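One structure, pasted below without further comment.
Every chain is named by a letter (A, B, C, D, E and F) in the order it is written, and numbering of its residues begins at 1.
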């Protein structure tokens, strides 16, 4: 009876979208639940998955807001 | 000084509502805090409760989005 | 299908114990699950409760480790 | 840059073990990270996965400690 | 590679604002990441910070919604 | 009344130690609480900090257990 909490930034997987789609969420839920079934024998019926979408301003990386961190990384050629 | 995080789906307790009400949230906060006082002697003043409402699309159960899982369960007669 | 995460300090409810007992954990699980049933109509079978016991050194309050904070509070006569 | 927190009960996947193995943990980490890469284009390098193993006494389901809940379920023939 | 989750109430730091600003979020991210670098030698690049803003109705303290708790505390002269 | 959850790997800050010390935990608690006071005006008395130490086997990065990820990174000259 696993609980999986997934935090991702609120943004789309392609430039014309600003959030992940219901289909993508369903695919994440299915994929992750299946990993727990395959590896740990956890029945699908006893696995909960919760996806939390976090605004980019609210996500920090490298001591900076995530967007700013990515900008600098890109500028540094990494 | 306990911390309680409660995740629930964002939906009402009756068909004409689409979210839990402020009164229901207050009752959950009071009830849960009281359990910790009664069972573990934790003073009310040192208990924090946070309620997170999660969109139905973002909640997975049985390898499926929660609504789809419920639909199939109902159809299967459980 | 709520998920409840409860964080408490790892200590007993009376001086001769250094952790909460299995009976106390069971009472917390039952009490909290029942609040969600009574207030939000959440069936017991779809509620998960996880209790995390946190070492006192790892819990901060008032900018201090919890024990030190309590000591100062008691000394200040609150 | 997703963060995945996975909570599972502390028990083995076969009767002779009392915890999941390092190999199983590695397989969960790999599988879940790959789902986020495949579905959401999240680079492996920016995904963190944390597995929390929770004692059976500390996990509640159906208003009961998990082991007791399973026992009753099995007895009820489900 | 620490993960820091910060939950705060959704409200401003001055009366004319109803939420924390992007600048304040950036300062929190920078400050917290730096503490982990200074104290634990954790490189900035491997620290994630997530800020969750929680509606006041959804935050409980003292067995009450947070606003009501503050009102009573203020009335009691503490 | 913020809640801060900090997850770090269970390992020391120098080779001869295998965990962070009580002094380091106290410094993290003080530093993080002070950031929330300085930036968001949150009184120290209403901030909770919880440090969770996670076994290295239970932490995944780059689709691998953390130690293995670091080994490959080091070998790749990054």
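What we mean here is this: a contact is a pair of C-beta atoms (placed from the backbone, for glycine too) under 8 Å apart; a residue touches a chain by one contact, two chains touch by 3 or more.
Keep in mind the model is a prediction, meaning the values are calculated, not measured.
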Chain hops separating chain F from chain A, counting only touching neighbours: 2
Separation of mean Cα positions, chain D and chain C [Å, integer]: 22
Averaged-CA centre spacing for the pair chain D and chain B, given as whole angstrom: 21
Rounded Å distance, chain B centre to chain F centre (Cα mean): 29
Contacts with 2+ other chains: residues of chain A: 1, 3-4, 7, 28, 32, 48, 50, 52, 59, 61
Each pair of chains that touches, named by its two labels: A-B, A-C, A-D, A-E, B-C, B-E, B-F, C-D, C-F, D-E, D-F, E-F
Touching residues (chain side chain F, partner chain E) in the complex: 1-9, 13, 20, 24, 27-28, 31-32, 35-36, 38-42, 59, 61, 66
Chain A residues touching chain C - in the complex, by the definition given at the top: 1, 3, 48, 50
Contact set on chain A toward chain E in their complex: 7, 52, 54, 57-65, 68
Residue ranges of chain F in contact with chain C within the complex: 4, 22, 25-26, 28-30, 32-34, 37, 44-45, 47-53
